[in-house]
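Multiple structures are listed underneath, in structure tokens.
Here chain A shows up in two complexes: once beside chain B, once beside chain C.
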Partner chain A sequence: MNRRQFLKYALYGAGGTAIGVSGLGALTKVAPKSAIATTNTEETTVFSACEMCRNQCPIAVKVVNGKVTKIEGNPNDSGFGGVICARGNSGPSLLYDPQRLKKPMIRTGERGTGKYKEVSWDEAYTYIADKLKVIQQDFGGESVAFASRKGPHDWFFRTIGKGIGSPNIFSHEATCPMTRSVALDSMFGVEAIAADYANAKYIVSFGRNWLEGIHIAQTRAIMKAIDNGAKLVVLDPRLSVTASKGEWIPIKGTTDLAFVMAMANIIITEERYDKDFVERYTSGFDQWKEAVKDKTPEWAENETGIPKETIIRITREFAEARPQAILDFGWRTGLTPNDFQLRRAIMIVNMMMGNFEVPGGYYRIKNASVTNRFPEMTGYAKALGAINQPAFPKPVTSRIDGTGIKGIPGQLIPEGDGAVGQIVESILTGQPYQIKAWMVHRFNPVISITESDRVIEALKKLDLLVVCDVYMTDTAMFADVILPECSYLERHEPVYDMSGLTPKYVLRQPAVELVYPDTKPSWQIYKELGEKMDLGKYFPFQNIENYISRQLTPAGLSLSQLKQKGVWTPEGMKPFYLRANDSQASLGNVISKVSQKIEFYSEEVQHATKQGVPQYKRHPQPEEGKFRFVQGKVAVHTNAGTVNVPVLNELMPENSLWINKASADNLGILDGDDIIISSGIYEHKGKAKVTEGIRPDTVFCYHGFGRISPELKRAFGKGINDNKLILNQIGEVGNVCTSMTMVTVKKA
Partner chain B sequence: MAKQYGMVIQVAKCIGCQACTVACKFQNEVPEGQYRTKSPVFGPIGTYPNVAMYFEKEACQMCQKAPCVNVCPTKASHYDENGLVMIDPDKCVGCKYCLTACPYDARFINAKTGAADKCTFCFEERVSKGLKPACVSTCVGGSLSFGDVNDPNSDVAKILTKSKSEFRKAEFGTHPSIYYIFDGVVR
Partner chain C sequence: MNNKTAELYLSFAGIFHRPHPEIAEHLEELIELWRGEIPESKEQLVEIEDYCRKYPLVNDRLDTLWEHYIPLFETGDIEAIPYASVYFNDNGLVLGKEAEDVREFYLSCGYVIGNEKQELPDHLAVELEFLALLARDGKTQKLAEFERDHLRPFLRTILPLIIKSKRPVYSSAAKTLEIWQLNSDRKGDSIG
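On to the complex of A and B.
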């Protein structure tokens, strides 16, 4: 293999697939660059926020003669340092993509056959409003489900749902970090807890992959910590990029809780915990001590496959570094049915080390409403204003997923999120009652919810499916009505609070006029739809500028002020850790539990699940000849969102299945071979990536590929859709369970 | 002392995210399927579970004794006033001698212009205006640094005094201006 070929195969080797082709080819000289006439150029920089993923990183958009030419990180935000990832850099490629949705459309053929007619916005709104009216009359507002990828559009999107009295409003979070949210809520009474990676000296990741699942500020903080000499330990069945930067411990899948409980066992036995912290700020330590008393390193070795000497060594190293030591609580966390207990256990061990409200530990996010509880911090920032709405009709039923019902696990599910996979089940089974219509905003259940075929079966059963997106997604292709949203580079959005150690507000504003004039921003779409549905009173503002001003005025800020830098942080305010200088400082203002304690044992969790402290549950391990199927994120794509974006598709058009070299040898599989992956219920074709970077009993692929919408012309039919193989098992707190599937692999 | 621009790549800090790859494409309007820079993965090397993996950014090495300049029949490839290797597309006839001569495989024929193309350190568009090259500005992992290696106060000079650096294919005698630091990397 020559070098060029080598590069072709190796460039995104971590994805198993090449970056494009080389520049060589039969080319004739066209026009020298300097022959292009230079005219007067008008160049501006617009400060806004990215939306190539969910993180909303601050960006600086370069606009030349009305065209976006380049996107950089916003240098006005020190945490982001003027840096943006490959996806953020690719924004113009999405903006000008001719494959974007350009007109509202109504279905004219069978679902999934791609037959649509272009309609006016008014026709689209009228169609939706009329259909919803009939469904509402016949089955009640609760029979309409709403699901979006969480974001600033939700205020408008969800208003439609609340306006018709539906309790069934969902985010995508059950497919991502929700078990972590549940854990934090149950212990601290609040989800807004973050980690100060940059100042940590010892960081342990349980599959967390900051260097491929990129959040600019957090990724930079991890790299800063490493640069300052921090040790990074990564427990993951496969060698992620993050694992390659630290000590890789290829833990047996689904056994992380055993490792964490053994850490607790060792720390308690060796009395390495922060006794004063535990006594002063926590409750339930005795029950936790009881729960881990037999979780010895020997026991954990048997569960996790990690030698007990390694478990003891890492635990001691971690304890030595306290409180600047972080066991990370994860990001994409719906791995097993009881995943939330793993997240609780992780946070319990953290709190045993007293790493709360100190540099290099965890902290309560310091938004203005928190900082103003402290006399010395008052006056730096004021909270954003809320736009008041009239009272919504009270839903007549409970939610389909049991969210909020006392005494069952649903009690623990965050109300704003819900168990989004239950929508599919309720459509198909009619339990607990029938869902007849589904409104979907910037979310792609066919790829993002487990068991794609089952999702599709459900979509086909609906009386109404409405999808608002920028592409003809794999879900949009089954919709009755498709609403084309404009891209994030063409719209305003409500100002969002991105506070960390100090308050911070970030603006998204248009960099250019609409590229496709018949697309609209989501705020306008739902306001106009709402007006068509006689819900206009719930949208009490004229336009988005008016909405934003009403947010900013109470905060003492103005839209024109925010436009100048794109971000606002209080002048002169230092990162604020409550216990930095006083290890006994009161935490009463940051813990929202009635007990005023960080609850290791939770009465609420006991009531809901009979497990007030986390208990170990052994999950099945793959039998001989089978593999555990795990998945993850890649740096050049965002989940189900970007695989058709031209420049990113060029970098990585498909994924492949990672399989250990020894395992592949046994099956006669060579690198690059066509294979068939089977769960026993579903099959998927793919290509093998034979590697030493994965456990022999595990296979892996990156998420978001294997797309079925033919209108995603670059991505269509390429690679493996992991969720086709994973069953739609709904976890204890409504989460997806993505690590529970066992598969066989054979040569195609 | 005369300016000598150089780029330092701390390989251990490269996370292979390809932010540099994409930033370069937009900064320099590099056509679809073509790249002035990219950061391919090397590895995993070793045998499970004792493995290592790293990424190594590739681009024009800005040689001070550049084979591409030597072979160019039209003087399209030349050294500019700062000693950087540049291409004058008006003079390029697309003969591809330079593509063959480059030991780093860093050149290609630009599908839009038909001329030979490669990294320029973003000199005209950015460095001459006091900015860093696009790849350096957007580097997420903090792997890339750029500046005057002759200026002891520059980032690059400071790093180079602390760490041992290597040139790619030093045996070719090309005297590159890209300094690779492999501290902390298992190869």
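On to the complex of A and C.
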């Protein structure tokens, strides 16, 4: 085409209906219409599930003329009471954010320089498939790691990993509450144990912060308990919002296990435990008794910094309230390398109180497969169907993190989770073998895995990094291929089981059409990628509706049924606790241990760690001039996920370093001063928040700030990234350790 | 209706759409058009010519255009968000009332966003493309109305941002568009 002809041809050459040169142009000719149709207001409510954090609360999405205008709690779910949190409310601001990812992109410049070109989905899939094929041929499928934030997308995402024979598939749980899961599994044979906070009379928290680390149903239950007169005791080096609602015990960091063992010591000495429960339902009490026999209140005072009188008083108050007394098992990152033993000890003390399967205690989650074990509960609900896949190739090596290997702590790591921090180590050290490619879905290792600089160093060494997300995250900045997922308000997802005291199924369904038309839901992304990689047979469904129907049909339900209310619970079924009316009822149907006992002493744990019952291990305390650096959640943000979401960023754009007034005075630091925090290896700038609400030997910041990606415009460089300072120490069961780093602080 | 107006609008639409091989290949044609119709933009045209000389191959041009288009318009820390709604609504989000208004305007003139090449209705390039079509079809009154109510207020906000970005081609093209629009204002008539 000659010069000057191009524009003319574009204007006139395609039949006059559209600008038709090679698809340039966005508009198409139709019959003119007046806009009358849109002056009628069309208002609907779509019942779906939130994804501003992992809790997936049921929501009611108000849609006016095809636009989401408001998100509220789903009134059809009584457990949530039609309530959601500020993050849940902010959904529309993510949905309509101009900063979202809009098209697949392939890197054109050096890693981290942000130089990309947009490509079609097919080009992106082809690029990934070709690269993975070469890596697989040269280094084996095991050299490709997969990591995601745990969620309903995992079935599809993980299928790619299993399909290429990689054993190295990880969730984010090691950076979250995995130690608790390990503890529960080792004692009950199952992780699905929950607490009935609402009916408790006495609740002791070890750093658990329901009013800032919000889980709507649990936060409401805690508030209900407090309203009903329950006592709340919070052991935390920092005065959290939750601590401010009860008795704050500023415990010395990393000594929680000493407090719990001293409680056990007092309870045994004063014979305040439920002997019948212990005898009937548990094993290993004698070994536990032996382990705590010298863990006296005096000893614990020395360890924890808490006066022995306080330890004794709290223990007695707690025991008085049994069985409606809960020592909370926590839901947060591991504090120390042996954090899982703290969680085990907490659950042992709980079980000494006989607070299992009674109101105000702990209970086994009653999903359909559990309820159907009880004749009087049979028939209320049926389990969801599974989508069967052909056998996957057997991985030729074991995992890089030792998960599942007998005789080492890795034996205890949940296979579906793994020790995600090990991916970084394997990339950098080649041990136990080299990871060459990393597929990342809705996870941000640069901020979520400790020692951010090392994570970045590792990302730069990869042959292939693929990131699927809604934003250009700190990790996406280093990716070779970026895949834009649509938001949770625009997609279906497999139905998930959110059973509590009764079975419950929740649906996520699109409230509106795609805002950015070239984004896709994860099920479609991985199905299409799988097909490009000749793994199509592992995705044996036509579309997500078909997938969901195959889940629901065996449960006697249909998609249209779920769409109406967004949530399903069996009609007429009352919450039930096995021991509510019969303290000697059999627990055989809810404990999954071969021994049929709740195992205080675990052969498996003994085999893996040589500590069949929890033993105390003293961790270093800060030397003179140093502080223990701790972190935690804030109510208006979700970890590494939301700091760039417009409304939430406005609510809290940055964090600061909490430092005790006396310590700050010693260092000449005033509230609001610029400071430098140093771990000895890394330094970080920040601002000081001088307060009485923290121990003098501890400093604290909220997690998820100080973002590295300049693409996260609103969050870039604002505040402190705690994980830049925290060392990538991998705990005994693969967990990150967030309370083990000591820092110095000085005025900038 | 002046055919040149249609060509001019289309030329700017082509620039501000996502980088496209046809545009990359025909950049010189756009320069020629602008030189003839917007002679005051000499300085900017020299800049774009330099760019063309530096990147004679279409693929190289495309790669560098992407390199600048993405941070300028597309994702992450966007320097000049190309959607009008973002500037006209309080909350800075896309698909606000302005998007709905322009979509309705397109529809009233017989245009919709095509199924394949989907884009938000208030994207800068789509608005420019729409005006090219109105100019081509001689719809003077509608054109003037759209310019007055939608395009001009949008350009007043976004062009300074694009110019400020100093991104090759885009910054110069934005300045050229600004000069053209100013000239039209000075003439006191609607373009075309």
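Just so we're on the same page, the second predicted complex is superposed on the first by the 708 of 748 C-alpha atoms of A that agree within 3 Å, B and C clash if a C-alpha of one lies under 4 Å from a C-alpha of the other, contacts with A are read in each partner's own complex, and residues count from 1 in each chain.
Assume a residue touches a chain if its C-beta (ideal position, glycine included) is under 8 Å from a C-beta of that chain, and two chains touch if they have at least 3 such contacts.
What you see is a predicted model, and the numbers here were worked out from it, not measured in a lab.
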| item | value |
| --- | --- |
| First, second, both or neither for A:Lys115, with chain B first and chain C second | second |
| Touched partner set for A:Val515, first chain B, second chain C, both or neither | second |
| Which of chain B and chain C A:Ala86 touches, first, second, both or neither | first |
| Which superposed partner A:Thr69 touches (first chain B, second chain C, both, neither) | first |
| Touched partner set for A:Gly693, first chain B, second chain C, both or neither | first |
| Touched partner set for A:Ala635, first chain B, second chain C, both or neither | first |
| Which of chain B and chain C A:Val241 touches, first, second, both or neither | first |
| Which of chain B and chain C A:Asn546 touches, first, second, both or neither | neither |
| Which of chain B and chain C A:Pro646 touches, first, second, both or neither | both |
| Overlap of chain C and chain B interfaces on chain A (superposed complexes) | 3-4, 7, 10-12, 19, 21-25, 27-35, 92, 646 |
| Touching residues (chain side chain B, partner chain A) in the complex | 12-13, 15-19, 21-23, 25-27, 31-35, 38-49, 51-54, 58, 88-90, 92-94, 99, 105, 108-115, 117, 134, 137-142 |
| Contacting residues of chain C [partner chain A, same complex] | 3, 6-7, 10-11, 13-14, 17-23, 25-26, 28-30, 32-33, 62-63, 66-67, 70-71, 74-78, 81, 83, 86, 91-96, 100, 104, 106-120, 123, 125-126, 129-130, 132-133, 136 |
| Residue numbers on chain A that touch chain C, as the complex places them | 1, 3-4, 6-8, 10-12, 18-19, 21-35, 38, 65, 67, 92-93, 96-103, 105, 108-109, 114-118, 471-472, 515-518, 646, 709-713, 716 |
| Interfacial residue positions of chain A with respect to chain B in the complex | 3-4, 7, 10-14, 19-25, 27-35, 69-73, 82-86, 88-90, 92, 211-212, 214, 216, 219-220, 223-224, 226-227, 239, 241, 244-245, 248, 250, 635-636, 646-648, 650-651, 660-662, 691-696 |
